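Before any comments, here is the structure.
Lettered A, B and C in written order, each chain numbered from 1.
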Amino acid sequence: MNWRDFRIWGLAPAWVIMALTLVLPIGIVVLVSLSIRGAYGGFDWGLSFDSYAKILFEEDWDGNLAFTPQYLAIIGRTLWLAGLTTLICAALALPAAYVIAQAPARWKAVLVYLVTLPFWVSMIVRVYAWIIILGNDGVIEKTLRGLGLVADMDSLLFTNGAMLTGLVYSYIPLMILPVFASIEKLDPALIEASHDLYGSRWVTARRVILPLTLPGLMAGAVLVFVPCLGAVLEPILLGGGKVMLMGNLIQTQFGGGRNWPFGAAIAVTLMGLVMIFLMLNALRARREVSHA
Amino acid sequence: MRDVRRYPGARIFTALFFLWLYLPILVVIAYSFNENRLASVWTGFSLRWYESALHNRALLDAVQISLTVAGIATAIATTVALMAALVLVRGRDVRLRRLSETVVNLPLLLPEIVLAVAVLILFSQIGLQNGLLKLVIAHSAFCIPFAFLPIRARLQGMEPDFEEAAQDLYASPWVTFRRVTLPLIAPGVFAGAMLAFVISMDDFITSNLLNSGGSTTLPVYIFGLIKQGTTPELNAISTLIVLGSLILATTALVLTFRNPNRA
Amino acid sequence: MERKKAIEVQNVAKSFGSFQALKGVSFDIYDNEFFTMLGPSGCGKTTLLRMIAGFESPTAGTIRLHGRDILDQPPHKRRVNTVFQSYALFPHMTLEANIAFALENLGWEKARIRDRVAQMLDLVHMTPFARRRPAQLSGGQRQRIALARALASEPEVLLLDEPLSALDLKLRQAMRDELRALQRATGITFIFVTHDQEEALDMSDRICVLGAGEVQQIGAPNEIYEDPENRFVADFIGETNFLPAEVVSVEGDRATVTTPLGPVTTWHKGAVAGAPAMLSLRPEKIGMEDQAPGEALHGTITGRNYMGGYTHYTVTVNGTELRVSKRNAVSHGASLAIGAPVRLGFRPDSARVLAR
């Protein structure tokens, strides 16, 4: 085995697989988004921006285009829910990770294990659990009824709140682990130094702990935000398909073979949003490095 | 003396957080022992749904398909990731190093639904029919970064001294890899393989979109059951999956954190 | 007797981007020699060692091992072994397996390997530990195993990269003697890299002082210390007083200079008549009071640092500060107070004139 050659052929399989299963197909998706919807599902090659126009406009009976907020609302809701999920995950992860990091060594290993464990449990099972809890006659409803607080209530399922709960629950481990890693690297002497220099707990948290764990928070934000934008399970099962997100909108277009070019156009839009987010994040990271 | 590092309320918050983390899973487990046909009406303790789950042909088929796909995809992804990590961490003057690293991690940078749509269209265009093969290809691709990251971390955490010492002591590059590098990064390789396996077993979005007769994976099968409504059997199946994940996760963590330096 | 050259370094240069780590270095190392490369960090000594081992290649120049150019050989083909600074003992192998590793790669027979491993363990007094793993050893024991592992295959040259720096002071002292003894016993050429001048002076047959990517001086320890080639060497090895001097005349190896302490005639390196120079005068060469040899100088004590075995005084003579070290020969002996007038003296031959 020659090391010089290995530099080439060691990387070749990764390149080939990614090129054939990712780069090339994404190129095809872009082409499909520009093609024309086929008569019997599928698509016919062509160059048309109809699918993108459909995101904003609706064709009425006379063939005129009228603005429709339907899909914009879905995109907006997706961004809003993904953003909110990321924020809630960060707010939950920071104190939890801090307590875990401060725990004695023996406890720490156990707590890290416990916080990772749900991540290993199948996502679909974890989402399903919330159906049992939130659903009609579910755990929450029964508990509230048992306490005599409500006589009858609307289902908690199929709401934005249900989706939000499911998203936070699904992705919280992806936030905790990087945040924990950066808190662990934090020198405890820095916290003591802050107190020594007359900083209260609140000042220490805001001016010492938070800035120093920001890299972990940002890494976690990327890990949570990106998959949230493309979430499929949560909107279908907890949103019941009534409140759509971009993920299940795309899935529906391909699922029933209904409108591939439109589905591809939404997918390209989603990809664009993710890229803008990642680029902003990279710019911010670079700025921080140049400051440091 | 007060410990300035402690924040009042943080521990209670964390305790509640862990409760929230585990309550849903515990609810599923508890409901799986319900004797009643209706999941939400508790009538008594029973193991009958476990029995019926274990005799469910379609479920067992789905498990078998998931294991097959995850097994093959893990082997492919881990091998590819190991090779890439060796070049990217240890190689000198590697051209396109940063680009290559991005390429290897590409599946992490995009929402899975986009990748799923992409492979779906690709397979329909080249007319690939074999459902199992489609799954293996797609899963291998998106599992690569999950196998890659722990291997790279382990390699980066290992001083190149050991490999240099091996070469210094007349070991050829291949002997160096087999007798020094591989044993020392084995925990990372194992962790990567485990992660790839779990990601593949757990995958819903791609498997669902590519789903065709004879290639229904476990999550896709469960999804179908959930759509039909909550049943105690579904709870039993979920509990079995939780149990399986628990065993897998514990094995993985124990093996990963076992320090090879301590004999 | 013509000695055989083990290593020939010829015009070796190395640049990292625009930084020149080595600027065309040349020297020879002889068989059976304990050769030390000494210099401050960043002087290129480790780079040079890694080039001989094969982990780095020079930008220009050649390196020969017993006459053969080795630059195109990969590390695993070179009959040189390294004792790494971190020891780099394979953590997943027993000590036996660590020592046997090289022999297995060389294709030795099993029985011969077994004998050799036993012999090496015995040589470094580690036989009872054969089945242990590196993590169970102390620093000194690891050091011994690293030596045994590197020496087992009888390399043509042994390279040691600051091997004592990880040990504590007492152990370091003991290991110096062990290393020297081991070199004598095996007769293998040792190339030792260190930034610790005391180690270098103590162990080496010859020292190569490297500074700023260039060879500053090569010579026996006492030559390096007593007859430094230039200001860099005089400053880096030991302590010294540098006095500004004007060269009055040069006659062969000796020069006469004027200094704040008066005219001095002594050995010189690179002095040119009429040009400014430096007089280097080591603190221990200056005597005080009853120990003062030569012509008497009168000064005042302006500083004092008590060091246990010695006291370092700062004495001002004619407005020039001199550092003078005095052995504390008698316990609780009278020490000189700050402000006290003293009489100093030194033999001119102990001073050196160096180019500025």
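As a convention for this text, contacts are C-beta pairs under 8 Å (C-beta built on N, C-alpha and C of every residue); 3 or more make two chains touch, one makes a residue touch a chain.
Values in this document were obtained by computation on a predicted structure and should not be read as measured data.
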What graph shape do the protein chains here make by touch: line, ring, star, complete or other? line
Taking each chain's centre as the mean of its C-alpha atoms, which one ends up farthest from the centre of subunit A? C
Averaging C-alpha coordinates per chain, one finds the centres of subunit B and subunit C separated by a number of Å equal to 55
Express in whole angstrom the distance between the two chain centres, defined as the mean CA positions of subunit A and subunit C. 60
Subunit A and subunit B: spacing of chain centres that average the CA atoms, whole Å: 18
Give me the residue numbers in subunit B that touch at least two other chains, ranges are fine. 172-173
In the complex, the residues of subunit A that touch subunit B are 1-3, 6-7, 10-11, 13-15, 17-19, 21-26, 28-29, 32, 42, 92, 95-96, 98-100, 102, 109, 113-118, 120-126, 128-133, 135, 137-139, 142, 169, 172, 188, 191-192, 195, 201, 204-205, 226-227, 229-230, 232-233, 237, 246-247, 250-251, 254-255, 260, 263-264, 267, 270-271, 274, 278
Which residues of subunit B touch subunit C in their complex? 159, 161-162, 164-173, 175-176, 179-180, 183-184, 260-263
Once bound in the complex, which stretches of subunit B touch subunit A? 4-7, 10-11, 13-14, 17-18, 21-25, 27-28, 31, 39-40, 79-81, 83-84, 86-88, 91, 93-95, 100, 103-104, 106-115, 117-122, 124-125, 137-138, 140-141, 144, 172-174, 198, 201-202, 204-205, 208-209, 218-219, 222-223, 226, 230, 234-235, 238, 241-242, 245-246, 248-250, 252-253, 257
Name, in rising order, each residue of subunit C that touches subunit B in their complex. 53-55, 74-77, 80-82, 84, 86, 88-92, 101-102, 105-106, 132-136, 149-150, 153
